[in-house]
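Quick heads-up: structures coming right below.
Each of the two complexes below includes subunit A, the first together with subunit B, the second together with subunit C.
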Partner chain A sequence: MATKPTVAPSLLFPRDIFAALSPSPFLLAHLSPQTQDTPPIRPNGRTAAEFRKPTINTSSLTHCSGSAVVRLGDTAVVCGVRAEILLASDIPNPPASNPTIRSSNPSNTTTNGDEDDATEVSSLSLLVPNIELATGSAPTHLPGSPPSALAQSLTSRIRSLLLSTCLVRAHSLRITYCPPPVTSDPEIPDAPPEEEVKAYWTLYIDTMFISLDGNAFDAAWAAVVAALRDTRLPKAWWDEDLERILCSDVVGESRNLELNGLPVAATFAVFAPNGGLGIVQDDEEEEKAWVLSDPDAFEEGLCLEAVTVTVDCTGRNSRIRRIEKNGGGLIGRELMKSVARRAEERWKEWSAILEKGNT
Partner chain B sequence: MADRRRINAPSGGTSAPIFASTVVKNPKFLQSLRPTRTRQPDQLRKIFLKTGLTPSASGSAYLEIPLLLPTTAQSLIPSRSSLKLTCAVHGPKPLPRSAPFSPHLLLTTTVKFAPFAARARRGYIRDSSERDLGVHLETALRGVVIGERWPKSGVDVIVTVIEGEEDGWWGDDITAGANKGGGWGLMSVLAGCITVASAAIADAGIDCVDLVTGGVAAIVRNPDAKGKGRDDGNGEDSYTVLDPCPAEHQEIIATCVVGYLAGRDEITELWVKGEPGATTEKLVDRAVHAASATATVLREVVKEAVELKYRDVIGGLNGGLKASTFSSEVEMAG
Partner chain C sequence: MAPQALLSHLHRADGSATYSEKGYTIIGSVNGPVEVQRRDELPEEAAIDVNVRPAAGIGSPNERHLETLIQATLRHVILVQNFPRTLIQVTLQVRSLPEEQSTGNGSAILKSSLMLLPHLLNTALLALLSASIPLSTTLTSTVVMILSSGKLLCSPSSADLVRAQSIQSVHVFAFSAQKSLLLAESQGEFDIDEWDEACELAEDICCKETGVAVDEMDVDGKPENLEGFLRDVVREKVEKEQMWKTAP
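On to the complex of A and B.
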């Protein structure tokens, strides 16, 4: 390294070589403190429960309805939301339930409305999230090959979370048209003109990783949420003479996308050097394991078990929107509670930054 | 053909929103939105260049040509585009065992536009123009990197276009329908790619004979703006500009991109598009001029990055004993 101009004869390895040669004992040595009063510090200088501080920058892309750049330590993500129009007449197999009935009640925000929203948005695939890792963001993700397993799983996780949280309401994506009342026919009593859905806004949510250093999901999800919060849809209407959808380019007439709550994802990795099955042998001392918040790429490579908790504390009481867990059995009921509490703390941090980013 | 590894658009197909103000047949209003060049013909746009954006890569750089005037957000139609490029360099690293022996460094270049890079949404699968840019970039870099120093190894240069230059003014696409000629924006993108890749290669510490930079010059014709520029004798009202922004010109006759080594006065890449006629040589000269102007920026940036990287060493050389405070305890134990 450049920091060592003179090579001193040494019996010990420098830090980075030790980390590369035997990563697991390296991390273990960092986490098990030598003395009682020193807290365990991870190699990246954080304590086990410490997250990286995020930064957000919104509205930086010209050709997007909404965009965000999120930085989480050495992980950097750009997300752009583009709104395009899907004509209702172009939908090959319209959903079985008639959307015209529900559109007459756009302020339907009750819980059963959530389910309808999700089916409508997913069956029409109005949200098209995609994640690109092959931008040179990490040496393992190089272009020239189809999207890696990580990219595919991230994309599908983001999509299912978008749908299950009902983050984007279906009624905010509809473009409705109210035909003028027909007065020429005196036979029919003045039936109220029925509002019909002429088109839908389709949101293309493209996320590009600029740099990847662990915890891709949290960063990508935060970028998606921040970009959606930043999205402005122009005022759109059905023009009868031209028979097409027209939009107004006046900023004052456009509206922000109505979002349902503010779900925030927090990922934890479990470092268990002795296997991590959660089984304690009688003759051995208690199995040691650490739950590391917001793991970086080095830690992710050593941890088998990972938990992602998505919480939303916008209302009076916080709600867990999703728990994803794989790779081990160390986090049981008791530990899960403390993990959820850590996720709640993280929500406060994110929400403060997301609010600030939009002003 | 659906891409089964990605989430696809609705099967009905979507279209970009059409704004009412552009549909109403009012060409005068539309023309009033047309941007014009406010720079001198030989004045370049300001460049923002930064290295070390991707810590997980061996070397990286970010280049942006910001908009001169912050657009007042009165309209949702983006008035013009700014150029934003990121570049990551991975390597030099050993070639896979299956690869045949190579006595020099194998260079792989990839240029990819983000889906939101342009006014029309782009796909994830590389198209022909992106491949073309990749080949041009490889040509520009091949003559610069000293490949003999790394036998049996390869290096990947990946440029992502977050926002690209446009091929022309958006209003022309609406009024004229078909775009005339087209592809002018790619020239500025290529020049940016060369400069940003050069910065990233320097950041990665790969040996080069010199820093290569990209430069663009164009012969343009503005029927409305007579006498604004120098007459080059090519036509009555055509003149040469450096670093053209295609949206600002009603008609572009020819464009030239060079990859230029300012220190050695060498050209590694030359791409001329259009019909420059007898003034080709002059056009190349102007492009070289643009490239050498960019080189001063690139040199400053690389120098700053090196100073930052080796601050400890420099401090140690100047301050003597001060350097020992920087070395870690592990070393001192030996």
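On to the complex of A and C.
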């Protein structure tokens, strides 16, 4: 005979069951608390404008030219940079603009030079980023399938950001050779020896997500930047007698990559419980929406609209290098200004951590 | 030159459109709502599948990224809640690109896939209109460039780009009919005030209030109005469909 329960079964769910059963009201209940004295706080314990604190560990992979592990909460990314040599004689159609002319006048460092740099790097594909999601990194990711739309989309975003920010300058990837002056007739002043580009360094930037808990782009981009800052290329030169490129194995002769500025990405998600369609109930005067910094996987699943702002404050004034916004119409011109300010704040955090190195 | 549109010219698709502007020609077709594979089925709304096919070769990660962006935007425009557990399939085939994109020379910023995005979005919307898929709003999209001289160029033609010396930044905007900003993709180097200016100009071009029957001639330097263009296209479509009523 079944014993009668002495207490009436409670209608209260444990927290995680509530989150799994009705995620959107769960997030809404956290963001708009019933009482005045409890502050609105996200289920992960952060306020709406709070980012996760990143940690960085560089040079942990020994077989790479440069590497970094970046952790952002439960999102963990490894990035390794491998350098290979691309011989100029192997390039079937060299870029239209002749690099030998430009390398002879080094004063050309204007914006035009930037553009030429980007053209050279992109047309020769000197930077090859790739993103991979490791097996088990996220519950939605199935192993053994071709690269998902997310991985391909991230690869495309990283590549276009690398090119549009000109983060790696083309001249730091060239391996040049200066032929000795012809000394047959010392009377006639020779034309100054022309530098020739004999080869290029090609950087394969492989990024792997060990674990993915939202905000994939920020973590991947930070890992790419940290790995490129860590990259050391060996001294390479053209040997005329052997007619090939030689590399020095002396560590002291290797050099760091010269990077152009320090762009940092900050992602925000917009949570609109009514679907963000602008449908306003009669008794409400305005549709409620929250802009959440650095969303985790749970929040990303509920937010349709996302904004990524990439800023670079290395110069005197901060410059925006990229804005990506899609999926909804709640962030307009006014709100974008405050989002950009939050991205600038985030830049300070990242730059302090990137400058310090290992954390 | 003003954009041109041709609606419902593919007879085997539910809806189709060809859109051409400034040397870009894109064919779009829409099938839907159709049965969805169990794997992609969503219990409460229609799944949207976008395929972007480049002018030459097979799709690359860049096309996957464009598909992701278009999918997220269309999801907001189509009334997906009306068709749970179905699929709306949008296929966009690039037919021709302007010269500076298809040939090898041309700066990297022009060859980025951003330049293609507004045309793809406009084509997708026209194809959806042709298929009579219920929409919550319409969308119009355009591209604005900021030159290093500080001048703003809106949806430049190839001739404008040859004349323009160096481009500082490229901005793509999409607006709904209610003037809310649905998509913004910017790259280059700029600050928030410049972005705001570009956004204002794009808003003017995408959805300016023009009142009655706009048939503005495209005077040199006077940008055409995309909202007006869209209205004209829809009016033409409706007139064609109602022909049986008015015929003598």
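Keep this in mind: the second predicted complex is superposed on the first by the 329 of 359 C-alpha atoms of A that agree within 3 Å, B and C clash if a C-alpha of one lies under 4 Å from a C-alpha of the other, contacts with A are read in each partner's own complex, and residues count from 1 in each chain.
Keep this in mind: a contact is a pair of C-beta atoms (placed from the backbone, for glycine too) under 8 Å apart; a residue touches a chain by one contact, two chains touch by 3 or more.
Treat the numbers as computed from the prediction; the structure is a model and nothing was measured.
Asker: Determine, for the superposed model, which of the two partners subunit B and subunit C contacts more residues of subunit A.
Answerer: Here the partner covering more residues of subunit A is B.
Asker: Which partner chains sit in contact with A:S172 here, subunit B, subunit C, both or neither? Use first/second/both/neither.
Answerer: In the superposition, A:S172 touches no partner, neither subunit B nor subunit C.
Asker: So, A:T314: does it touch subunit B (first), subunit C (second), both, or neither?
Answerer: neither
Asker: Is A:S351 touching anything from subunit B or subunit C once the two structures are fitted on A? First, second, both or neither.
Answerer: Touch partners of A:S351: none, neither subunit B nor subunit C.
Asker: Quick check on the superposed pair: does A:N256 touch subunit B, subunit C, both, or neither? Answer first, second, both or neither.
Answerer: In the superposed model, A:N256 contacts neither subunit B nor subunit C.
Asker: Should A:G144 be classified as contacting the first partner (subunit B), the second (subunit C), both, or neither?
Answerer: In the superposition, A:G144 contacts subunit B only.
Asker: Contacts for A:I210 in the overlay, against subunit B (first) and subunit C (second): which applies, first, second, both or neither?
Answerer: A:I210 contacts subunit B only, not subunit C.
Asker: Between subunit B (first) and subunit C (second), which, if any, makes contact with A:T155: first, second, both or neither?
Answerer: After superposition on chain A, A:T155 lies in contact with both partners, subunit B and subunit C.
Asker: For subunit A, which residues belong to both interfaces, subunit B and subunit C?
Answerer: The answer is residues 152, 155-156, 159 of subunit A.
Asker: Under the stated contact criterion, what part of subunit B meets subunit A in this complex?
Answerer: Those residues of subunit B that touch subunit A are 5-23, 53-57, 60, 73-78, 80-82, 86-90, 93, 108, 110, 112, 114-119, 121, 124, 126, 156, 158, 160, 162-163, 309-310, 312-313, 316-317, 323, 326-328, 330-331, 333-334.
Asker: Going by the contact rule set out above, which residues of subunit A touch subunit C in the complex?
Answerer: 93, 96, 111-112, 115, 118-119, 121-123, 149, 152-153, 155-157, 159-161, 163-164, 276-278, 304, 317-333, 336-337, 340
Asker: If we count contacts the way the header does, which residues on subunit C are in touch with subunit A in the complex?
Answerer: Residues 60-62, 64-65, 67-69, 72-73, 75-76, 104-105, 107-109, 111-114, 136, 148, 166-168, 171, 176, 178, 180-192, 195-196, 199-200 of subunit C touch subunit A in their complex.
Asker: Of all residues in subunit A, which touch subunit B in the complex?
Answerer: It is residues 2-5, 8-15, 18, 61-64, 67, 74, 76, 78, 80, 82-87, 90-92, 124-126, 128-130, 132, 135-139, 142-144, 146-147, 152, 155-156, 159, 202, 204, 206, 208, 210-213, 232, 234, 236, 239, 242, 244-251, 254, 297 of subunit A that touch subunit B.
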